[in-house]
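Next, two complexes with chain A in common: one pairs it with chain B, the other with chain C.
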Partner chain A sequence: MKVIKIDKKKWAEGLNKLRAAYQLIGPVKKDTYHDFQVLDKDQLPDFDFLNTRMSPKSIAFPQSEVMLQYSLDEAKEDHHIMKEVQKDASPRAVFGIRPCDAKALMLVKLNFDTSDYKDPYWIQAYEASTLIGMACDNPSSTCFCTSTGCGPYNEEGLDVLMVDIGDHYLAKIISKKGEELLEKAGWKTSADDPSLIEKKKSQSEAKITSAVETKNLKDKTILDLYEAPFWEDISFSCLNCGTCTYVCPTCWCFDIQDEAHGKKGVRMRNWDSCMFPLFTLHTTGHNPRETKVHRVRQRFMHKLKYFMDKYDKGIMCVGCGRCIRLCPVNIDIRTVCDKMNNFKASC
Partner chain B sequence: MLEYIDKIKEISTRLLTEKKVDIIIGFRKGTLPMSNEPCFAKNAEDIKSFVWDSNCGINLANYLPNRKEKIGIIAKGCDSRNIVTHIIENKIKRDQLVIIGVPCKGMIDRKKISDMFEKEITEVTEKQGKITVKGNGVEKTIEKSKVLQENCAICIHRNPVIYDELAAEKVEEQKNVDRYEDVRKVEAMTPEDKWKYFDNLLENCIRCYACRNACPLCYCPTCFVDEAKPQWVGKSQDPTDTRTFHFLRAFHCAGRCTDCGACVRACPMGINVRAFTKKLEKDCFELFNWEAGLSMDERPPLDTFKPTDPDEFIK
Partner chain C sequence: MINPYVPYPVRIDDIQIATEDKSLKTFKFVFLNKSDEEKFAYKAGQFAELSIPGKGEIPIGIASSPVEKGFVMFTVFKAGVVTSHLHNMKVGDIMGIRGPLGNWYPWDILEGKNIFIIGGGFAFTTLRSSIVYMLDPANRKKFGTIDVVYGARTPGMLLYKDELIAWGKRDDIRMHLTIDREAPDWKYHVGMGPNIAEKVGPKGDDNTYAIACGPPIMIKFTLPVLEKLGFSHDHIILSLENRMKCGIGMCGRCNIGKELVCKDGPVFTLAEINQTPREY
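Up next, the complex of A and B:
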């Protein structure tokens, strides 16, 4: 696959050329953390981060998104009829996505883009995006991507993988979309030594010291794990807040709501969390996941067992470590995964 | 404070072996620096994992409501005040509890420390009022007093107000502390500036409710933001809904908040959630000479009436 050399002196110039054809999105430093945002005119993405605080899943799956709109004005002929909302489907280029987050988009895709169901909002935003990854050379101590079928130089889900070589970037073209973007930016010089990428890749992988063991999970029965004795201990400290689910790049659950103001209304979807009691509350008042033990078990069973059994694509976790770093009470998915993987049911 | 742990373990083991309690609620070492995890122990073996240091900022009183068994609980000053509040509000019975009081010298602010370092912090240790931070080739020792959680720096109730056992000699309470400098700054603002100040505070809120769920006061069976039949508050990122949640929650904590800082510590987005409750805490102190959770014999000002009430309209 072709590797292009981008001189850092030509970086801003290339990005400016792209602004005509794409909306540019990239990590920006705010206060003491980085998050993805639409770049202002002349604003450059800032790559000096371990990873962004929130994941870039919101590029295709924003926390709140209007799906349909309606009018309650009975003087109008089409009142009370749900109408499509015009969405911006223009091309956008997302810079600085970490390989773990790109892989996460592929896992989310398994849910939003299937042969039976196609989520038009997610698919439209995803297809409009060209994803330019930034390889990870300084993984954090909470990164365990190499044991989740991913890695700091993983290419899955990306259109281009960029690697920082000091005074220049190497950009490995992964898809046609990626190739087009590089052409439009005027970055055409072939790299003199593309093997540098492989070298840096092994160096970075060696820096990842954290791992989870998942190989036994597949052979465990759901009921054995469900009834395992450790859930009370794991869930005790849990506050049942939505932090882990909201910062997770692979959590895809949402809730649909109608909101009307005066005579205008919208149907929208908002992120939801299996940690919230309301998530499963029936209109009868019955709640099948009544206690936090139920809810905590559900989250980990979904990520580490149900998903694996249903899709055969490994666990529903890319090892980005956000939930570990941001959990208010330090519940650590690595510890839970190990407990599940090593669990032996007594007969 | 590190030296407390032996005594804490000794008391806890005794309480469990003598069957005085069914469980003990405490902390075990977390997997990250500056993060301990609340946990429970049911036997002497479990007690071995208990820790006590300057990373026990989560308020353990939060784990009490609606529990049925006999509970031993490790309580620093603020936890003990929230236990009193729970007892007054009938969320737990006094005779269900054996309180292991821990005189506290303040918890450290992990965000403040993380923000002081460019690189990731991999190890934090403490010794005699000093905190040593290590990470990626950097090592630095800082005075603990400089990196305390803000609420701890101005705390005047470090000793537990209610306890059955004490894990150490009581510590000297801080004197001449200006507890409300930050509130006075906001009070002095114009209405427009106040609005801007609170909007800026909430800019990053993701409505995860970690602040509410870490708060011992927030035990409503159904929080108003979770009311569904009918729904009271919108679920989107609309600033009006986010404000409504934070403002109403703060008002609901008026006269009950002990300024334990659990909300700030829990917030994944680094929002100073105390900024909402602090003014109400100040008002309760100035109007009613009231500090929450200090006495089991007095009703909180917002659920009682006194002829000496400073407001004319109520008389």
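Up next, the complex of A and C:
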């Protein structure tokens, strides 16, 4: 595959050329952390981070978005008829997305783009995006992507993979979409030594020493794992704060709510979380996941077992480590995964 | 791309109080756009999201039958925000219906078989849909015997009473109505549904399927009865309920294990449910 060399001196110039054709999105430093946002005119993405605090899943799945709109004014002919909101489907370029987060979007796609139903909001936004990844050279201690079927130079879901070589970037073209973007930016110089990427890749992979073992999960039954004795222990300290689900790049659960003011209203979707009791509460007051043991178990079982059994695409975790870093009570998915993987049901 | 979140606009065509305590009402809807009725082609056992602009959506089993044309019907218990609002709406009001959603009773498998239906309280909606479907002159010969045990607290709490009595007079369906306690002028069974089912139910065999729908307590006592009658777990069909939002398998809350009640269900055999965590 073709590799382009981008001189850092030509970086800003190329980005400025792209602004005519794309909305630019990239990581920006905010206080003590980085997050993705739409870049202002002349603003450059800042790559001086290990990973962003929030994942970039909101590119296709905003925390809150309007789905439908309607009028409640009975004087109007179309009152109480719900209509699709037209969304901006213009091209956007996302810079600096980590390979783990790009792979996560591929996993989330399995939920929103199915043979039975298509979620038009997610699919339109995803398809409008060109993803320019930034390979990881300094993985953090909580990164375990190499054992989740991903890696610091993983290309799945990306259109271009960029590698920082000091005074220049190497940009590996992965898709047609990516090739077009590089052309539009005017970055055309072929790299003299594309093998540098492979070299740096092995160096980076070697730095990732943290890992999960998942090979036994497939053969265990859902019910054996569900009834395993360790869930009480694992969930003991959990506050059900939902942080893990909000920062997770593969968590996709959402709520749908109507908001009406005066004679106008919208139907919204908002991120939701399996950590919240209201998530599953029946109107009768009955709650099938009424205790936090149920809810914590649901989160890990979904990520590490239900997803695997349903799609046969490995676990629903890319090893980004955000939930480990940000959990206020230090619950660690690696420990949970090991417990599940090593569990032997007594018959 | 079809947007699965956009409901079909409908007009409320008729509202009937369904039970003596007025906690349930039966709504008939007609589609504002005639062509939407064809798009809404459904099978008995499916549900839909009743969608009220400004209030929200609620998943409700379809009570009308695929053989009934020109309207769709739902019987709704007044319970939360959306259903309470719906109970206050009037004929002519405009709202939305999204669906049909979920799977249905396995009609391809049920063809040629004897059917034993056990219903309780207000969970008789999709069972009504099924009975009307099976009793349709074009369909009746496709099924063997049909037994129905339907129980409620009092005679006035039975849904679709006129139809129940009319079915009771036919010779191609055996109706076994029951109420919890004696009541004046009641000439059918008295006693809990599962007990009546044990007395009058057909024997379970390869050619006989049971469909049970009712409150959790009824299901709990019905399953051992069905086992006693000889029904194997893959011949016991149940319809589950869980809190839902999207109804299309995406929002993530209604799962029991890897199965989503809204999309992989709501209809499961007991054999299937035995393989999942009982989070419903």
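The definition used in the following text is that the second predicted complex is superposed on the first by the 347 of 347 C-alpha atoms of A that agree within 3 Å, B and C clash if a C-alpha of one lies under 4 Å from a C-alpha of the other, contacts with A are read in each partner's own complex, and residues count from 1 in each chain.
As a working rule, contacts are C-beta pairs under 8 Å (C-beta built on N, C-alpha and C of every residue); 3 or more make two chains touch, one makes a residue touch a chain.
Just so it is clear, the structure is predicted and the values come from calculations on it, not from any experiment.
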> Looking at the overlay on chain A, is there a clash between chain B and chain C, or do the two fit?
Replying inline: fit
> Could you give the angle made at the Cα centre of chain A by the lines to the Cα centres of chain B and chain C, to the nearest 10°?
Replying inline: 90
> Which holds for A:Asp309: it touches chain B only (first), chain C only (second), both, or neither?
Replying inline: second
>> One more residue to check, A:Phe112. First (chain B), second (chain C), both or neither?
In response: second
>> Applying the document's definition of touch, where does A:Cys253 land relative to chain B and chain C: first, second, both, or neither?
In response: second
> After lining up the shared chain so the two structures overlap, which partner does A:Leu281 touch, if you call chain B first and chain C second: first, second, both or neither?
Replying inline: both
> Of the partners chain B and chain C, which touch A:Gly265 in the superposed model: first, second, both, neither?
Replying inline: second
> Which of the two partners, first being chain B and second being chain C, lies in contact with A:Gln43: first, second, both, or neither?
Replying inline: neither
> More chain A residues touched by chain B or by chain C?
Replying inline: C
> In the superposed arrangement, which partner chain does A:Gln203 touch: chain B (first), chain C (second), both, or neither?
Replying inline: neither
> Regarding the shared-chain residue A:Met82, is it in contact with chain B (first), chain C (second), both, or neither?
Replying inline: second
>> Per the contact definition in the header, classify A:Arg334: touching chain B only (first), chain C only (second), both, or neither.
In response: first
> Smallest separation in Å between any Cα of chain B and any Cα of chain C in the superposed model?
Replying inline: 5
>> After overlaying the two complexes on chain A, where does the chain B footprint on chain A coincide with the chain C footprint?
In response: 255, 257, 281, 283
> Quick one: in the complex, what on chain A touches chain C?
Replying inline: 67-68, 70, 72, 79-84, 111-112, 114, 116-120, 123-124, 221-223, 226, 252-258, 260, 265, 267, 272, 274, 279-284, 286, 288-289, 294, 298, 301-302, 305-307, 309-310
> Can you list the chain B residues touching chain A in their complex?
Replying inline: 30-32, 35-40, 58, 62-63, 114-115, 120, 122, 206-210, 212-214, 226, 228-229, 231, 234-238, 265-270
> Along chain C, where are the residues that touch chain A in the complex?
Replying inline: 1-7, 9, 32, 51-57, 79-80, 83, 93-96, 216, 241-243, 245-246, 248-258, 263, 275-280
> Where on chain A does chain B make contact in their complex?
Replying inline: 31-33, 50, 53-54, 63-64, 140-142, 233, 236-237, 239-243, 246-247, 255, 257, 259, 268, 270, 273, 276-278, 281, 283, 324-332, 334-335
